[in-house]
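Per-chain residue numbering starts at 1, and chain names A, B, C and D are given in the order in which the chains are listed.
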Amino acid sequence: MSTTLIPEPDDAQISVVPRRSVWRHLRRDPQAVATAIILIVLFLAGLLSPLISPHDPNAASLDAINLPTGTPGYLLGGDESGRDILSRLLYSFQTATVSALIGASVALAIGVIAGLVGGYFGTAVRSSTEWLFNLIMTFPGLITLIVLLPLTHGDYRWTMLVLGVLMSPGTYRIVRNLVLGVKKELYIDAAKVSGLGDVRILARHVLFAVRGPIIVNTAFLMGSAIAAQSGLAFLGVGAKDVPSFGLMIYSGFNNIYASPLQFVWPCISLGIFTGCLVLFGNSLRDAFSGPRIKRQKPAQGLRLVTSAIPTSVVTATVERDDEPMLAIEDLGISFPGTTGAREVVKGVSLTVDQGEVVGLVGESGSGKTQTAFAVLGVLAPEARVTRGSVRLEGRELVGLSESALRSLRGRVVSYIPQEPMSNLDPSFTVGSQLTERVRHTLRVSRRAARQTVLDLLARVEIPDPPRVFRSYPHQISGGMAQRVLIAGAVACRPRLLIADEPTTALDVTVQAEILDLLRDLQKEFGMAILLVTHNFGVVADICDRIAVMRGGEIVETGVTREVFRAPRHAYTRGLLDAILDEGAPAGGDASTVGAGR
Amino acid sequence: MFRSPARRRFRVAAVAAALAVALPLAACSAGNPSSGSGSSTSSTATDTLNLAIPPSALTLDPALMQPTVSRYIWGSIYESLAYWDPKTGAVTPWAAKKWTYSPDGKTLTIELRNGLTFSDGSAVHASDVAATINRSVNTAGYIQSIDTAVDSAEATNDKTVVVHFKNYDPKWVSLLGREAGVIAKASDLNSPDIATNPIGSGPYTLDTKATVAGTKYVLQKRKDYWDAKAFPFKTINITITNDPTAQLNAFKAGQVNATAVTAQQAAAAKAVSGATVTQTTASTMYWLLFLDKYGKSANPEFKDVRVRQAVNYALDREGIAKKLLQGYATPTDQVFFPSREVFDSKLEKVYAYNPAKAKKLLAAAGYPDGFTIEIPSSQATTQFEPTLSQELGAVGIKLKWVPIPESQTASIILTGQYQLYLKQSGIVSDPYTAALYFTPQGGTVNPEKYTDPTITDLYDKITTTVDTDKSLAIYKELNKYAVDQALAAPVTMTSGLWATSQGVTFVDRAGLPADIRQFGVAGK
Amino acid sequence: MLAYVLRRLLIGVVLAVLVTFITYLLLSGSFRDMVSTLLGPDVTAADITRRTHALGYDRPVVVQYVDWLGHAVRGDLGTSLFTSSAVAPTVLSHIVVTMSIVFPALLIAVILSVTLGVWAASRSGAPDRIAQSISLVGHVIPALLTAIVLVVVFAVELKIFPATGFVQFIDSPVGWLRSVTLPVVVLVIAGMASITAQVRGSMIEELSKDYVRTLRTAGLPARSIVLKHALRNAGSPALTVISLEFISLFSHSVIIENVFALPGFGSFAFSSAQNIDVPVIMGVTLVSVVLVTVINLIADVANGYLNPKARLH
Amino acid sequence: MSALLAVDQLRVRFGTGKRATEVLHGVSFEIAPSETLGLVGESGSGKTTIGRTVLGLVKAHSGAVSFDGRDITSAGRRERRALAKDIQVVFQDPYSSLNPAMAIGDILSEPLIMQGVSRRDARARVRTLLDQVGLPSDATDRRPQEFSGGQRQRVAIARALAPEPRLIVCDEPVSALDLTTQARVLDLFAEIQQRTGVAYLFISHDLAVVRHISDRACVLYRGDIVETGQVDDVISRPTHAYTRRLILAAPVADPDRQAERRRERRRLLDLERSTEAVA
């Protein structure tokens, strides 16, 4: 037996920041409520066992030996020594509770303090805590506990103390990793700038920030401690005068052929106790990782959820030459919220002609990105199209199946995301990701696909295509990653490119290059582009037409130059006014001076 | 909350699990007749004995072997000079033809049987016997601790061994049937393999290929063995099994055809078709030792004979034997073997269950409110702890069980840290060993080396009386004195239970240490 | 890569020395107890002293430890004081038994859990409920209960599988299979709970990431997105749980080994600790440290393979 | 005019031994009281590192940082605590710079209490501060996540103002904000400076923002200051090629002017390339 006694839950998914809604989230989670109630009942049963037990748990009556379940006075029967099983079961809950408390608090005390210190201070401190916990982790736990029996005198409380130490590396690792993350948070820097001491920062800011995962970890630690205590008692390590599940299971197991129920009662009790702790811990983790909206069946295709289907949807399915590249009509998209569905796109209408570049402009939360996702058919699973139509070269997308949409994606319509890094699969090389795309859409051999990709990388002006081809996403710069994504998007010469803030995450000099690239590609392939952005400079640079969105509605559309010159809507005017370079400097040669957004 | 699916799932799971366990178990404890049909699944051909035993020290070094269940292994590979007849308990010559004591009991002459051979084919010489004895006497180990009286052994010719003693040791002849009497090959004694692959002259050889040390031992019968008919099994498979339930499972599944079972398991074992459960003569004694009869420790209570008697009166021996041990035990208040000569049935009535009297005695001794005493707890005491706490607690002696590691059960007694101890010991049928318990030579039974003039006097008489008939009376006197003085508080003598499958028989009527001769083939 | 592995192994060696030394220190208080157990029931203090001296357990602890270490470095772990068999081969033979149940169990558990977890994450509804129920059952029903039910039903009553014991693979592959089936099933049920939950959780998280949407916009089929891309990225945290589960299965096998009377590493370690069979405890401790080090190293190397960012140069 | 903050030949290295990389190669500048110095550069230029070195969050490898004539390059914890009264910070990310677990009132009063202000006085001061940055005084009991990005940045500014500092390091304080919010927050910065006379070290990648708020500006390129001067001079008459490229890369919200700039930028790039080729 080595390392910790019970595997630690993974902490990767635990978000650092506990949210206020944790309590509310827990109350709504049936699993949390059920397990919490069971746990409270069991804790109470343990706590009150001296009061509610019908017998002393160690009182052995020779007349009560192996009494069957249901005997008056011995509700669950007597065990092989003539002790009341119900009383022993109740006291076992107490033992389990005490074990859980001791084991978990020792592990927490050691793991949390060392984790805070090891994560917060420099590498020298960390490497020494690392060594210490690696050492503890490598100890064969069961052997250690048996060897230490002369010191613990078999008292389960001392044993749990040792166990707590043995379990502490798991907690340490969780806390250390969290602290390493929290340490980078700016509010820690702000606290340092305010002159706060390390201890105060650790106690007030860091500990507070990581408390969520620690609470979650506590539930798992308690479960582990109970399981370990039972396991040890079952194996006969430790004192026998304190009733515990392990002891009861041991005697029940040896008596299993004579009266199987003696085995089943403690087994089930233990299972429910530890199981509830683990499940409650899972619920806690869900609660701390934020209000995850009840998962629904992932959207298959782009389905309309209202019964009233607009006539246009039914009629306009025939492909015609004079159809615009993209025609969005009265599109509505809603998300389920805490107070019912919330519409984020409220009847948007927009057209993009063949080969035309249209800018969709708005501030954050205006619904521009959701509109773009709707065209691609990649709305979040919980999002619902409530009304309207989206036609791509005359073909209605609303109501189309996922597979039909899939055949359009990458071939007819393509996508460039905002954040280049998070949109590349971190586990595959750039080359393999692009090759997969090309092979899938063009149905060519691996070798041909590879050549195509290398040509594409050269086309998007990547200096050393073979090197980038071999690189993983984290090995290339953001600008380079965006070029890679563009290469992927134009690989199959789509007729419509949806670019969602394609330059926002980039430096201005890189932004200018990417815009140049997009413009060149657009001319070369005759693509239409729907460019989602908040930057009027970008719009001015590349867009033929512009649509301004606010609060899920389009407030103004028009030819770019005209809208800039004479915005009709007050909101557009306000936006343009907020641009800082208005009032060009004196002697302004517009082409050489003045900068702005 | 009752609508919550999680809760419902719990209930379903719990009920399902309970049913899953209860149904088949109930079925088999009720004696499911179909369970016997598995007789064809494993080789129940009666030339193979498949034996399951619990783990114990398993060395095959002739100087370090111990009288545990491991004797099924080493007792089959090595021949002893004598064996204990499982039916009568008598020490019977085996490799020896006969033995004679000198009048002062300090010289024992042993004559070997003809035709003894080691498994490598060489003949057994008297020098092999002498070499084995001398090595054991000079090697720190269990045998050395029981061979204390032996000075040396020598071979006077090919067939004669003379053992010289420092003083007369009345029990030594009986030891010839135990580990002290084994014969190893002199030239093999210094081999590094002796502890794992020795050369013996016994009826079986160790199949080292099939054997996994500490786990599984396979014994093959020697074709050339001189007394082949006494050992009916061609092959003996001995598996070491930690868990009693696993042992029973193996028996019920037909994997083993002989295993010891607990009282609680007896019914389930009997339910197997064709199986027999045999109760041995009482084989193990549980007795409370008073380790501070001089009253030197911080808890001098047991110095007072009235306190010791109170403990004896507080024990409901009948109840313990009948109920706790389900009848597979014999209540007793003396330590001499029941069916043998020293045992005195009149003494059995001395300490009839009488808590009131116990209380009175305690009060008289100055403990009207009783006292609390620490007592070591180990695997062996588990079964008795609740009942002893209850019964002694009822008269005012509160027991505080202190768990000690299995490995320390012997040494903890020697430290003098405890004043009371529940001892589990194999019953010895020779009176001398039992008598020793009450003398300073009592080892872990009497670590304080307690004695008084009466005991000293009786012990001197025993060690100087070589004539068995005369010594018997002295033993009886000692027994009576020990009971009257409550030098110990015997609780019960438990019987072993052995389950054997159809075709395999088991005999034990003599309180024997483990011996492969206990197993036989039905009808032979 | 090689340098990294060597460095990790070196750390493992240092840890092994530290752990074994501390263990020896802790054991040193019990040497006389061990000898008294060795000598049997009726020993005297003098016997114990004599035998302790004969075995060399009365020398200074550090001297004894250095002596042990010197032999251990040469692959000689001494002989058991209780069975007189050499420790190294005995430990190995017990590890083989435990590996025979833990490894297949983990393999099956991983295959089933990943299948189930992926299925649950990519299709909510019934699959998700099935996955969660399996986690629930795995968490709530103790392995001991599963074990005894399986033994009673399949071994005692139906006699399909043996109730106890282990058959070496080389002796009889079929016998081996029959002897490990029930324990493997028990461990699979126990192991699946946490792995399924983990895989389900990380898959749900992974599938909600940006790159998954971008892959969808490329027109890639769902199968490729889920099984190739998301699963690989979800693999990294799952791997940690799997390696911990492996260590935990290995170290907690003692109870299952007892029920099935398997001569495994867990029960071997347990009984050696109970007897304070010092050479065996030291061997078992050493092997545990090596095992933990190697498993962690394998997990980290595998993690580096799955997750290029974690790759060390 | 004596400098409030003087940075002299500052070098900063990350990592140790062979793997050490120098991110600042000897940077020097000064800030006068009540002055705003803009620090412009792209990612990786080292502009944030300069700010963090001034704040004592990063150790200088060589060179000196002095405040008010005092060398604070390697100030200890105690000295830093004293300095906290004079030098404060507003970070870029208003989501990460406020502890999500603390109420606004606690966030604001904590540094004051550290400075030895009594709780009661601190509470009063917090109300004034909130008023100064245009937040309602009932904000004290609420937590950061209940506020929008712009409001949070106001809280961060209030925190920086709390000890009445003489210098605030502003590290990209508006780049995470929407256009309209950005303008309003910049106005707040300007107004505070007018009222309190605080000096700003204003770090940004956005020339327009720097130009809007700064008196002088430094352009940072790969760990070196390539150009320093009055902000209008730097932007209207850039002397360094990088500054010129930076200015031209930023698109303007006018299609015609932007088309012109694009042509100009391309011309410049071609020119650079050809000179490189010649050289």
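Definition applied: a contact is a pair of C-beta atoms (placed from the backbone, for glycine too) under 8 Å apart; a residue touches a chain by one contact, two chains touch by 3 or more.
Since we're looking at a predicted model, the values are computed, not measured.
Engineer: Centre of all protein Cα atoms: which chain's centre is nearest to it?
Structural biologist: Chain closest to the assembly's C-alpha mean: C.
Engineer: Does A-B or A-C have the larger number of C-beta pairs in contact?
Structural biologist: Contact tally favours A-C.
Engineer: Taking each chain's centre as the mean of its CA atoms, which one is most distant from subunit B?
Structural biologist: D
Engineer: With chain centres defined as C-alpha means, what is the inter-centre distance between subunit C and subunit D in Å?
Structural biologist: 54
Engineer: Can you give the whole-Å distance between the Cα centres of subunit A and subunit B?
Structural biologist: Each chain reduced to its C-alpha mean, subunit A and subunit B end up 63 Å apart.
Engineer: From the C-alpha centre of subunit A to that of subunit C, how far is it in Å?
Structural biologist: 30
Engineer: Can you work out the whole-Å distance between the CA centroids of subunit B and subunit C?
Structural biologist: 37
Engineer: At least two other chains touched by the same residue of subunit A: list those residues.
Structural biologist: If we look for residues of subunit A contacting two or more partner chains, we find 146, 150, 253, 256, 263-264, 267-268, 272, 279.
Engineer: Tell me, which residues of subunit C touch at least two other chains?
Structural biologist: Within subunit C, the residues that touch at least two other chains are 30, 136, 140-141, 145, 148, 274, 276.
Engineer: Give me the residue numbers in subunit B that touch at least two other chains, ranges are fine.
Structural biologist: 6, 10, 17, 21, 25, 28, 245, 405, 408
Engineer: Give every touching pair of chains, nothing left out.
Structural biologist: Per the contact definition above, the touching pairs are A-B, A-C, A-D, B-C.
Engineer: Of all residues in subunit A, which touch subunit C in the complex?
Structural biologist: 1-10, 12-13, 134-135, 137-144, 146-148, 150, 231, 234-235, 249, 253, 256, 263-264, 267-268, 270-272, 274-276, 278-279, 282, 295-298, 373, 376, 378, 402, 406-411, 413-415, 417, 419, 422-428, 436-437, 440-441, 472, 474, 485, 488-489, 498
Engineer: For the complex, give me every residue of subunit A touching subunit B.
Structural biologist: 30-31, 33-35, 37-38, 58-63, 65-66, 80-83, 146, 149-150, 153-154, 236, 238-241, 253-258, 260-261, 263-264, 267-268, 272, 279
Engineer: Mind listing the subunit B positions that touch subunit A in their complex?
Structural biologist: Interface residues on subunit B, with respect to subunit A: 1, 4-7, 10, 14, 17-18, 21-22, 25-26, 28-29, 244-245, 248, 262, 264-265, 267-268, 316, 319-320, 323-324, 377, 379, 382-383, 385-387, 389-390, 400-405, 408.
Engineer: Give every residue of subunit A touching subunit D within the complex, in rising order.
Structural biologist: Going through subunit A, the ones touching subunit D are 17-20, 185-187, 189-198, 204-205, 208-209, 211, 363-364, 478, 507-509, 511-512, 515-516, 534-541, 560-561, 564, 574-576, 578-581, 585, 587-588, 590-597.
Engineer: If you look only at subunit C, which of its residues touch subunit B in the complex?
Structural biologist: 30, 32-34, 36-45, 47-48, 50-51, 53-54, 79-80, 82-85, 90, 93, 133, 136-137, 140-141, 145, 148-149, 151-153, 155-157, 159, 162-165, 258-261, 263, 267-268, 271, 274-276
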